[in-house]
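This report refers to the structure that appears directly beneath it.
A, B, C, D and E label the chains in the order they appear, each numbered from 1.
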Amino acid sequence: MTRTQTRLAVRHRLAERGVDRQLWLLVPGLACVLALFVYPFAYGIGLSFQPAEGGVFGAYRAFFADAYQRDTIATTLSLSLPAAILNVAASVPIAYRMRGRFRGKRLLTTVLVVPITLGTVLTAEGLLNYLGPAGWFNRLLFFVDEPIRLTNNYWGVFFSLVITGFPFAFLLILSYLSGIDPTLERAAATLGAGRRQRFQRITLPLLAPGLATTFCLTFVLAFSVFPSAVLVGDPAGTTRVISIAAYHAAYEVYDYSLGSAIAVVMGVVELLVVAIVLGLRSLLYTGSTGGKG
Amino acid sequence: MSRRIVASPTSWLIWGAVAFFLINLAGVIASVVVNSFGERWFDTWLPSGWTTQWYATAWTEFGLLNVMVVTLEVAVLVVGISVLVGVPASYVLARRSFPGRRLVYLLFLLPILMPPITYGIPLATVLYKYGFAGHLTGVVLANLVPSIPFVILTMTPFIEQIDPAIERAARMCGAKTWQIFARILAPLLVPGILAASILVLVRTVGMFELTFLTAGPDSQTLVVALYYSMSAAGIRAQQSVDAMAVLYTASMLVLLVIALRFVNPTQLVARVKEDPD
Amino acid sequence: SPNSGGGATDGPVPEKPDRAVTLNVLDVAGNLQLTQGMIDDFAARNKDQIEKVTYSKATAPELVGKVKAQQAADRVDIDLVLTGVDGLAAGIDQGLWNPLLPTHAARLPGMANYLPGAAAMQKLAGDHGVTVTYYPSGPLIEYLPAKVPEPPKTAEALLAYAKANPGAVQYARPSNSGPGRTFLMGLPYLLGDSDPKDPVNGWSKTWAYLAELNKYVTLYPSSTSETMKNLANGSAKIIATTTGWDINPRVLGTVPKEAAVGTLDGFHWVTDAHYAVIPRGVPVAKQAAILNLLKDMLSPEQQAKAYDKGYFYPGPAIKDVTLSMAPAESQQALAEFGRPEYEQLIADNPVEVPLDAKSLVAAFDRWDREIGGAKVKK
Amino acid sequence: MTGFDELRLDGVRRRFGGQDALAGLSLTIRRGEFIALLGPSGCGKSTALNCLAGLLPLSEGSIWQDGARLDTLPPEKRGFGMVFQSYALFPHLSVRKNIAFGLQMRRLPRDEVRRRTDQALSLVRLEEHAKKLPGQLSGGQQQRVAIARAVVLEPSLVLMDEPLSNLDAKLRLEMRTEIRRLHQTLGLTTVYVTHDQEEALSLADRLVVLRDGRVEQIGTPEDLHERPANRHVADFMGYRNLLPMKVKAVHGPVVAVEGSGLTLEGTAVGPLSPGDDVVAGIRPEDLHEGGSGVPVTVEVVEYQGRELAVEARTQSGDAVHLRAATRPAPGDQITVTAAPARVLVFPS
Amino acid sequence: MTGFDELRLDGVRRRFGGQDALAGLSLTIRRGEFIALLGPSGCGKSTALNCLAGLLPLSEGSIWQDGARLDTLPPEKRGFGMVFQSYALFPHLSVRKNIAFGLQMRRLPRDEVRRRTDQALSLVRLEEHAKKLPGQLSGGQQQRVAIARAVVLEPSLVLMDEPLSNLDAKLRLEMRTEIRRLHQTLGLTTVYVTHDQEEALSLADRLVVLRDGRVEQIGTPEDLHERPANRHVADFMGYRNLLPMKVKAVHGPVVAVEGSGLTLEGTAVGPLSPGDDVVAGIRPEDLHEGGSGVPVTVEVVEYQGRELAVEARTQSGDAVHLRAATRPAPGDQITVTAAPARVLVFPS
């Protein structure tokens, strides 16, 4: 009797803090993430500290001491940051105009979202065909003497990042935007705010946290660019991104320790950017965007 | 405010930019489609002849039937498992507050926030070490890593939209937890589950890195086959690679269009409140 | 042990498996194009030994990690690997392959009949791989006669041509392209470098030449197909090629039929070959079947299939395999797109084995850093 | 305050997809007036308000402000203030910034913005909460911010769309008085939308009763309360007993009616003749127990403080509602009467 | 109906993260009783109901049903019915299936499910709507479905959490009568949560007034209405004038008090002595205009049908609320008086 009572008491105390049997539902998911993500990730970190030579930090030293390797960080950032910024920045005005109901909205949304289905290879092939020196794009620009070079360099990869990243950004921003109570803008209108002011002072600040999240997700997508950097890029030069370096180390030189170290560096750089953005986000207003605040 | 599409200079600019993007996108896609049907295409506007032989070549050369079957198996397993595992977890995250909730949420978000290649290499090593990689199991396990979090991310707002009183009402009617899941929540979540499933499906079918790193001889998916066809040693007709890419995109497109029929794209992250006029 | 197919993995290899086995073949060199017909044919004739063959393809870099991980897990499910020099060497380095020679030399009589070039390539394989196909490769240059009426005849002329026509000369990034790397490895011979086998210390003229050429090269595509396409559409005028890459793309229609090839004075063929290797951990029963398969593949009738449609022209690794023995399809394609002059060129020019894997990776790395990557700094 | 003398709505109509949400509203609003738009859900109240605010374009009709056409101006140019049902406070701005928003939009000098914002804050007694975000306020406080934000601009007209419907009973009562006080203090012209007739009666100078997008009656609270123009208005004005009957006899304004198990005398609204089908409207508080009235059976008794609310059934089975001072038991037989002046007889 | 004779809550306490949402509720519910839990927002009403239903585990205390311990049973085993504030109808099931859900969960035979569902449908008069989905019903209809779904199980206890708060005034009134009728017809034991004292007064046999998780008073509607135990209950029971004063003199139950610009006589609630700080509570309807009372200045006047509600200010600046029959103008000086029996004086 007393046993059951203490058990009951413990259960109540836990329940008061929100811990009860329902939390078991989390277990399968957590188990998967721990076993399939956290453990391998830790394993990879461990591996990165066991290089064949150079001591515990040898692999990292090897990476950072070599300008050719080190520069991949800047190369990747110079590709992924502008691409992510462009994707987010371009999505905002389009999504803003696509709120509310109008005929053909579904069609337009579908069309804008189609690039999700393209896949790296088709995008790469398409870009090479279409933007290539004898592709349709350069044919249309017949009045320019030299064909414009848009593939096998920075721009090819950049375009492929835009094509694959934009639909995600657009979809997310469209839904964040739809979550903002339209009455707020009406309220601003009755207070004398014109179109631009309504957007700048009301919609944009409320959207900003969503923009930050979207930016992070598209940035991640762009930062991990790998196939298209090889296929439409210039993998030895302007688009030698960090994942190529990781792949090269692990699968061409068979230096797994260096490969893991580069992967870790990659994760750290990325988390750094994400942390900065999310840190800025936490300064912004986040919360319900309903009329009652 | 009104439904008029006001032709202000900014909207011209924006719609112009959209049109420019779409036209070029169409060019990109069409150039691949045209090439996949072309006999020979050198320095001209269009190929010199038309043929469907590249599709036949691609089909046999890459053993596409087998690849398609594997792709489907992987996709169905990944979707099924990630829904079964992800939905209960997102239920708890949506409904409950408990110590460490934020930590758990962050843990679920991390795999989406990290580039696959950062954990893909160690993951593949670990999976090989335990003998999972190199066949279907490994591919499925690797693809679960981003899929489960993705289901959680998309389902949480969906579940938050459902009035918790409904579950309590079912409980008061005498329903047990599993009955509530089966009879009340599942039917209400169908659109969300469908949406999440199809998005996960699209992502899984398109997930190159993880599948590439863990696939074995009998467990290549379409993207991996496609990537090999482009980058592995040997000479292949460009057109048959394009044909394969077209097949891939066509199947993904069908999935996406189905998905968009079931779910309003704006419902992904937030509860929709459409402008009343 | 839990490996696929079961059975002992070491000890004596029997004459034949006791019952038919399934073979998993992994191709990382594009070799199946040439040999799948041979394998299928053997399997069809030897149902008692081979129940089924599965094929898969991968890229060479992946091979080592994959096999190594499988061996670590004691679960090898790749029975036969068809690979180029790179994969072979990396595997030897990591000790992944079963030594086939000299233990089983007697069971592979075809190896005695290798062409000289193939025999040289077989030396590279040491005791681990068996050369199955061979070709002298390149370096060659390819152009459209209509656009380049007077093709350069020497390396210097090529440089001068590039200087006069910026952007017109193109070769793909060597680490992604066979012709690209053949061009790279062939230059030291053309330029008379001190040690054509030592890219780090013996290639000073080559690196200087490439750096100079780099000034007039606008892009290095990531695949050979891309250079072929550019040749076809006119945006490149002269590209690096090999015998196979000359014939096969014209058969496939990627390059116009009228494209011509040329050579640079004093060039040496840098040969190429594909090897069959058996990873450690494959059951002896399967090894038996594979040895029998390889024996069969090295017979002249089977080797004739390696003519293919010029993909690895000529292709056969052993002597006295003539085109007339090849399947009708091959004969027809080669009659239309083949080049009779190759016979002479092969006969008249010296043959060199390519760099070993380590040096090759070093050469790639240096090329990436100094030639391909140089664009970044500009 | 710029102000106007008269705001005239002239046949204002608004259709949604072929259906009239508002069918020809004509109304003249005089300066300083407090007008309530009243009606059941979906009758077009919000539509009317939004048309007036400029948030919805008209389908037909026009709006004039002292002879100047108004309906072609965008909302931000009309200079009206609006209080939304859900308040629509800017959730990312503090209370002070919410209130100052409109002043900043007018590009007033900083000092003036500060001064007027302070004034408005003290007007709604939220000085201590100026720095909080709307999410940190209670419902009543939010409501006061919404009002302050609208009135700080000293708009020529304040529009309020069910501003109290989200509050609980006690707070609703307090805020009602507050709104009335503000109206009286600032002399604001106000149009107020509500579905609560008590609220409308207690606040407005004039009421507009809408039903299905049409105006049913316009008048002072007393007009509507005592002389509803038809049975729908009566229903809305608390004539809870609306009994279908037949006219027996007509004596000038007084008619004798019978039906639903009752016989009554009442006051005719509109011309009637014997035999007409009519509806008799009686408020529960006008139907008294006792006397030589009609017998009914008590069914439900509810305590309501001083009085008891009783639902009883007539012999024909119709329900009637009345008030009682003593508690009858369910099942009791009682008799009911009503003064003829308190019984309104409408043609049905 | 299985039924019980008595349901006993014994020191039921519920904490959320260290804070008491409900601090020791003890209450005995007898069979067939209608109990209302009343109190301002956040006082713990829903918490109490959820504890009773089993939807929230208790932190302390116990619940007994005729001597059997109940609080350890999961909700589905307690056999209670519940009507939720937002109805919580299953949106994907038709009205009929909504009602039948609970019966199906009990695995009753098909025939019986059908029969009892039909019965419940006719009880709430929704026979024609049986096939519709909840989204296609009006608020009042939805509410009836919610009630039918709860009562079809013939639960020993029905719990209702503010079931009327989402309805508009007119419908609220009608549904109130409906609930009362169902309670009387079926003899259901009911616990009803509301923050609307009028609703509570009119429906319940007994009321429990909560504040900050604590019971302030338990009693019949008359008890609470006439004899609130303290100023908080009074506040909630419509004593809108709660004026801080000082006791001047005590004459048995009658005390003379002074303050807030008024001098009054009232009835003491609890022992008082001269000089004590007190709060005098007067309902607006008990504060009359005229006579030789205290002068006050009219500030706001609201029409409320028969009467006018007036807010006035005493000379000390305190606001008082009263009713008037004739319309005074804002700014008028009037005098007010109150009968000593109607003025309650609470210790403060």
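Annotations
Definition applied: contacts are C-beta pairs under 8 Å (C-beta built on N, C-alpha and C of every residue); 3 or more make two chains touch, one makes a residue touch a chain.
A quick note: this is a predicted structure, and the numbers were derived from the prediction, not measured.
Path length between chain C and chain E in the chain contact graph, taken as the least number of steps between touching chains: 2.
For the pairs B-E and B-C, the larger set of C-beta contacts lies at B-C. One inter-chain figure worth recording: chain B and chain E are separated by 53 Å, centre to centre, where each centre is the mean of the chain's CA atoms.
Taking each chain's centre as the average of its CA atoms, chain B and chain C sit 37 Å apart. Chain A and chain B have centres, each the mean of its CA atoms, that are 15 Å apart.
Inter-chain spacing, taken between the CA centroids of chain A and chain C, is 39 Å.
Counting partner chains per residue, chain A has residues 17, 134, 181, 186, 189, 230-231, 247, 250, 290 touching two or more of them. Within chain E, contacts with two or more other chains are made by no residue at all.
Residues of chain C in contact with two or more other chains: 62, 65, 176, 223, 229, 233-234.
On chain C, the positions that touch chain A within their shared complex are 61-62, 64-65, 90, 93-94, 173, 175-176, 218-223, 226, 229-230, 233-235, 361, 364, 367-369, 371-376. Across the complex, chain B is touched by residues 50, 53, 55, 74-76, 79-82, 84-86, 88-92, 101-102, 105-106, 149-150, 153, 159 of chain E. Partner chain C is touched in their complex by these residues of chain B: 39-40, 42-43, 63, 124-125, 128-131, 133-135, 212, 216-218, 220, 228, 230-239.
For chain D in complex with chain E, the residues that touch the partner chain are 40-41, 168-170, 173, 176-177, 180-181, 184, 195-198, 201-203, 221-222, 225, 235-236, 238, 240, 285, 299-300, 302-306, 309, 311, 321, 330. Residue ranges of chain A in contact with chain B, taken from their complex: 17-19, 22-23, 25-26, 28-30, 32-34, 36-41, 43-45, 47, 90, 93-94, 97, 99-102, 106, 109-127, 129-131, 134-137, 139, 163, 166, 171-172, 174-179, 181-182, 185-186, 189, 195, 210, 216-217, 220, 223-224, 226-227, 230-231, 243, 246-247, 250, 256, 259-260, 263-264, 266-267, 270-271, 274, 290.
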